[in-house]
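Read from first to last, the chains carry the letters A, B, C and D; within each, the first residue is number 1.
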Amino acid sequence: MGDRYLALFEDVEHAVEALGELRALGVPEEDLSVISGIPVAEAIMGRPKVANLMARWALPGALLGLAAGVFFTIGTPLMYPIQVGGQPIVSLPPSMVIIYEFTMLGVILATLIGLLAQAELPRWREKVYHPAISHGAIGILFRCDESCFDQVRERLRGLGAFELIPVDRSES
Amino acid sequence: MSSEATMHPDLAHVEQELKAADLLLDRRPREEMNYEVMRAMERISLTWLIVAFFLGGLVFLGLVLAWGYQIKWGLGVAGINRPVFWGVYIANFVFWIGISHAGTLISAILRSVGAEWRRPITRAAEAMTVFALMVAGMYPLIHMGRTWRFYWMLPYPNQRLLWPNFRSPLMWDMMAILTYLTGSLIFLYLPLIPDLAMVRDHSSAKLRKKLFNILSLGWRGTEAEWKHLHVAMAIFTFIIIPVAASVHTIVSWDFAMSNVPGWKSTIFGPYFVVGAIYSGVGALAVVLVMVRKFMGFEYYLREQHLDNIGKIMLTMTFFWTYFWFNGYLTEWYGAETALDFLREFMTYTGPAAPLFYAMLITNIIIPIAILWSRAGRTTPWMISLAGISINIGMYLERYIIVPVTLSRNRFPFSWGHYVPSPVEILISIGSLSMFILLYVLLSRIVPLISVWEVQEGQVMHVIRRVGRTLVPGVIQWHKAE
Amino acid sequence: MSKQGITRRQFLQGTALAGAAAVISGCTLSLQKKEYLEPYVDMPEFALPGESVWYATTCRECPAACGIIVRVHQGRAKKVEGNAMHPVNEGKTCARGQAALQALYNPDRLRAPVAQSARGSRQFTSIDWNEALNTLYQLISETDPARIAFFGGDVPDHVLWILETFFAAIGAPPPVIYSTHAAWEGKRALRLVNKSLFGVDRLPVYDLAHADVVFSFSGGFLSTELSPVHYNLAFGRMRGRQDTGGPRGVVVHFEPRLSQTAAPADRWIPIRPGTEGLVALALGRILLDEGWARNTAAAPFFAGVDAKELAEVTDVEYERLRHLAQLFGQAQAPLAIPGSAAAAHRGGYQAVMAVQMLNILMDNLGKPGGLWLAPDTRIDGLTPKTEPASLADVRDLVERMRSGQVDLLLLDGSNPAYGLPPEVGFVDAVANVGKVISFSSFVDETSVWADYILPGHTPLESWGYQVVDNGTDRLVISAQQPVVRPYYDTRDVADVFLFLAQALEPARAQLPWLNVVDFLKSRMEVIRNLGIPGSFALDNVEEAWAYWLGNGGWRSKEPLWSAPVLKRELSQAFNLAPEFEGGTEYPFILYPYESPTLTDGRGANRPWLQELPDPMTTAMWRTWVELNPETAYLLGVQRDDVVKVISPYGEVEAIVYIYPAIHPHVVAMPLGQGHTDYGRYAQGRGANPVQLLGGREVDVVKDLAWLSVRVKIVPTGRRQRLPRLENNAGVDRAREVGFPG
Amino acid sequence: MSTYNQGTDEHRWAMVVDIDKCTGCGACITACYAENNIPVVGEEEIHKGRHMGWVRIERYWEGEYPNVRARFLPIMCQQCGQAPCEPVCPVFATYHSATEHINVQVYNRCVGTRFCANNCPYITRVFNWFDPVFPEPLQEQLNPDVTVRSRGIMEKCTFCIQRIRRVEEDAKAAGRPIEDGEVQPACVQACPTEALVFGDLNDPNSKVARLAESRRAFKLLEDLGTEPAVIYLKGGDAHVV
């Protein structure tokens, strides 16, 4: 399907224009992506919205945490009843604390896992990158074949792309 | 963002002033900031080494030798006794938990309300939380009679299928601290990832590059990464606030669930939370002044930050005073005999009264006197003084709550007297040193300023000409739909 | 069962003790060095692994002779419990009795006989028993019997009987038996007063349990005096009557200091020291004047007494005295108890008499809740004929020692170097004695002056008996048996003398027994010959012996105490007033008292007792001096200040304890500490107030008048915290808030 | 509300302390030391407030000279029906025994947080600050029925549970009920004035049950609702002059 190329731009406006050029050249949206040193909203770049699925992770995490909390505070005393302080073996008020903490812990861990899963991290082997991005450059990663690349190269340069790398080849 | 060529000389002056006042208007190239922050991080001077080794020595003395001695011989080497079963270890525990509330909680609150000035300080603050929690988490272990059996408190059944007692406030404590520590660590780590990637990209040292490649999880800054980082941070921001509040509430319940006169109080929960934030902000101010001075971050950490922190501190002074007085007055009015005993002991001319008055002076009078004026808030040494004063005061408060309160009870015959032993003092010094040492080490491992967040802020902040002058404005980039 | 001479083994048996468990002993006493270690395949009788056995014996921590049963587990004594069948203590024990175990297992016990290179050098070398006994034999057989002296203290009756017989047989002077504890409890005065009034030389027994108004005069009957466990029990019963619908007994205690015995009393009346007799005189006068007296036979004693005048002298207001007299006079069963401090000054004899006179006035002699006389304990063949010595007798002995008339001094059961005032000069005199041999289990202040120490068994390893001289209505011959094998290479003193008797011709006929068990068995017949119906039949010796061991001795079936009968015309009281040595430069009267925990100092090497809080001050481990708050204020001293207490005879240092319940002219100090020897727990802590005393004697009684010196208090400027259980601030505050109960 | 019921196998062991009888002699303390292997800690530790006794006799002064009174108040673990010490233990080292109805301390489960001790309003819990020392041969006296506690754990009066258990087992083996007075903790056994009485409150005929009905009866800090099993009898007030 062609090689991947990374074009780096100094600022947002040029990057947005470059994206337009690439789309005009028929590069499909799914072959385009933006890499940046600071978050840039999809709308600014005219990119389709990235689906936000974090709640799908956090909610089960919360439920799991809640279940763990319920198990610890209600299940374990029932499995091995020990009477303390004249208190009932099972009681909700003193259980709430642990249930609450475990629910929160569940959300926290699930959110972390969700982030890693959704952002597809860690990706230590991925090479499509350029250090200038963390200096604030905006990278546009696109995929096209050689002929296509020859077409866009000059246009992108014209838009101020200070670096234009054929990723897969150069880094092999 | 007006062009300088066309600017009126007066307006140039206005622009200068605006930039001086607000980091986010004083835009600098990202590359420059990156290298500045990295240089500060990679510079290991002789002074730094001496400080680190000195602190390491104190940690060794306190946490290896003194604690080891205590484990070998028993808790008798501490000054605790009957009825003062809890001493400075628990006071230290509460103190460090309090400090931990500076970072994550403040950062989360500021993030949640979109306080833009927070950007350069969140990292330093969140790191405080993590280290303070580590130190605090050690204290229950130090405090335990049989430290080597600490794992019996973990939630797993013993060989007779008996689980720990989840109704004990100590279990709550452990779970809350575990949750808070986990949350705080992640909360510190998530926004750190892009900066770790930055160090990976630009560090010249091979080993550091390798390490940071692993630590940054291969972060590149793709749309999905940024998007989910953003959402995760939003979730964390709102999760961590109630968790932080619960942690210190539960710490207060270690006391409030008891039968001890002076502990059994319904106001302890919020009182402790407020006190924790209070001491935490005080410590944060000191840390920021230190970081600014010793890391050369004058560009990032400015008067505006000290001023804002100072305002929070001042607000917390009033909050704390209100809560303290609320508790004190209700107990005074109730005139319970055992509480009268305690009050006689720690107020008026009682033996512990100097501690009590010192607490009021350092917690109320000195902070108000300093923080009332902008000059007091923005002068580094003055705001540090206020922060130190608050922390002395808050330590005294914890000391009064723990060993002083335990010295009095319903049976006058069995009252107690507590003096910290050398071992307790060494361990306390060791743990303070550990906190500082961890910070000193961290300052050479990760960027203490969240550069990408600063840049993000700078991108969003503009100076616009409106009528005859220049005004700052914010373009809310992140809200673009 | 036994072979020739001293080469023998004995099997000693016990019998079952009802209630606790099957009890029988298989203890083997070996007088040989050779010991047989047997595997448990061949099980000693009733010593089951994992099962405890209980042995009945007699407590010898004080002379009261409570019956105890000791729990023994795998051959080790574990716990002292009271013998419920014993009439003295009925199953109860005191703290000191519990601590008997810590004499047995004391880490500082002598583990074998020792010879000391030079007296007082504390350089001991172990010797074996053959050498020790040979030396003893040589010394006794080669010394002129008239120049042998035996100085003993609280020696049990069987040892005393053997000693007395032994010394009589070899022609030596009888043993001098002087117990410092007896002096501190005023026993001699009590006996002599009874002898004078009622014509019998016996101790009084107070029927406390049935009394309803008790006037106690400076006594310590609830702490250390006479038979403390018995009187505690009786006190509890006196109080317990209220739970069964009876009247609650009331106690009024007169003493310069609120003592442990005063604390549970309903009212403490502070008086000037030494005025107990005068208070009694005044009360008696009022009783007579108001017509409350029920028997006027004692009236002559009170002739010429002016109660109002005495009220001035004693520091008790007349109105109060009158009220008290009324309370006493109108009580159903009033009882007056004279205490040790009443008898401890020059006029003590008359003072005790004055108190007993109140009992005569109220006609409670031999009545429920009244005054009784202990059963006659003078039994031929059981108890010694030798009178306990007076301080005057001790002085005689010391004089003989000093002047070189004693060539061989034997010491057992007493610690005169610690317990007698230095003025008596015991230690100095020892220097002029030829040879000194001690039978002490410990290196104490006295045995440190011995040439040889031949350690006896501790009481829990010993055989014997004690005839109970007070504290019960029965005649009780309380048996002592070893509850464990001797832990170290020690030897029963009785066995040592029986052994010597075998070798010394004149004594062999008098003391034909090979060992103490043979001797004790032979006593069964003596008891049978008393012809008194007892707790078990004595016809068959072996059977009697089994009961003897199982029951912890023999006791009469019926009460054998007797009602006192006034045997003489009374005349006017005289010389009751105290007299104190030391002029105006000594402003305070020294009020020493036996520590309720350490008694006269013998308990000081028991860690349990050292760490048992003193009931009144809750202090431990040290010596303190009690000052009235006002006195302390005037002296400018505070609690925990170290002061010098200086008397005309000596000085000691003590820590100030501000004592809210002591006469302002009096400073009190507990005995018990200030040991220079006696093991790690005792030595080098606190002070011994005996050092402050002179050798003044009580008139007639001739015993130590320990309430007869004045002292001054000189601050040293140093401070030392007195280890105590109470919290100072708390206790001060509690006085304002009140008792939490 | 207490949650125990009056079952046949269940006992509510209780102690009566008659303050009117207590003479402060300390026999209970020493008996407890002997029975329960309580170590002696020495002067320096006493200064620090680390007396190890499970029962203490508090002595209070009342009034000013010459009208002074001293009062003794023996305090040991009150074996609360609703013990504040129990729920706070994170490892269930202390809990309410279902058959004896006393407050049990499991030494080998204790990790030494000392929360229970703070929470005891009667200040009756004792902590092992150091390993106990019994100089040779004092260790020969140690009671084999009672653990010698190591450093770092909490202990307290157990009502001599080893004695309760012994009697319970004996009675069970013999198929008979436990008689009143058959169980005697060491302190009760020693107490020379019989100020301490022990028995089963569930048995209405027991001595403790009868004394508990006394008009003199009260409990320490009754208003805290801890339901102590130690019942005190007030000292009598004789109005003597």
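In this section, a contact is a pair of C-beta atoms (placed from the backbone, for glycine too) under 8 Å apart; a residue touches a chain by one contact, two chains touch by 3 or more.
Because the structure is a prediction, the values reported are computed rather than measured.
Novice: Shared touching chains for subunit A and subunit B?
Specialist: Both-contact set = D.
Novice: Mind checking the centre-to-centre distance between subunit A and subunit D? Centres are C-alpha means, answer in whole Å.
Specialist: Here the centre of subunit D sits 63 Å away from the centre of subunit A.
Novice: Distance-wise, how many Å sit between the C-alpha centres of subunit C and subunit D, to the nearest whole number?
Specialist: 31
Novice: What whole-Å value do you get for the distance between subunit B and subunit D if each is reduced to the mean of its CA atoms?
Specialist: Distance between chain centres, rounded to whole Å: 45 Å.
Novice: Starting from the mean Cα coordinates of subunit B and subunit C, work out the distance between those two points in Å.
Specialist: A distance of 68 Å separates the two centres.
Novice: Going by the touch rule set out above, which residues of subunit A reach two or more other chains?
Specialist: 82, 84, 87, 94
Novice: Tell me, which residues of subunit B touch at least two other chains?
Specialist: 162, 165, 167, 171, 410-414, 416-417
Novice: If I count partner chains per residue in subunit D, which residues reach a count of at least 2?
Specialist: Residues 49, 51, 56, 58-60, 73, 84, 87, 89, 92 of subunit D each touch two or more of the other chains.
Novice: Judged by the touch rule stated earlier, which pairs of chains are there in contact?
Specialist: So, checking each combination of chains, I get A-B, A-D, B-C, B-D, C-D as the touching pairs.
Novice: Spell out the part of subunit C that touches subunit D in their complex, as residue ranges.
Specialist: By the definition above, subunit C touches subunit D via 73-74, 76-82, 89, 91-99, 101-102, 104-107, 222-223, 228-229, 232-233, 235-237, 239-240, 242-243, 248, 250, 252, 258, 260-264, 266-270, 320, 323-324, 327, 487, 596-597, 607-613, 615-616, 618, 620-622, 628-630, 660-662, 664, 680, 685, 721, 723-727, 731, 734-735, 738-741.
Novice: What residues on subunit A touch subunit B, complex-wise?
Specialist: For subunit A paired with subunit B, touching residues are 33-44, 47, 50, 52, 54, 58, 72-73, 76-77, 79-80, 82, 84, 87, 94-95, 97-98, 100-102, 104-105, 107-109, 111-112, 114-116, 118-126, 128-129, 131, 133-136, 139.
Novice: Note which residues of subunit B are touching subunit C in the complex, please.
Specialist: So the residues of subunit B in touch with subunit C come to 337, 341, 344-345, 351, 410-417.
Novice: Report the residues of subunit C in contact with subunit B in the complex, numbered from low to high.
Specialist: The touching residues are 725-727, 729-731, 733-734, 737, 740.
Novice: Within their complex, state which residues of subunit B touch subunit A.
Specialist: Subunit B reaches subunit A through residues 29-31, 34, 155, 157, 160-163, 165-167, 171-172, 175-176, 178-179, 182-183, 186, 190, 193-194, 197-198, 201-202, 213-214, 217-232, 235-236, 239, 242-243, 246, 250, 253, 452, 455-456, 459, 477-481.
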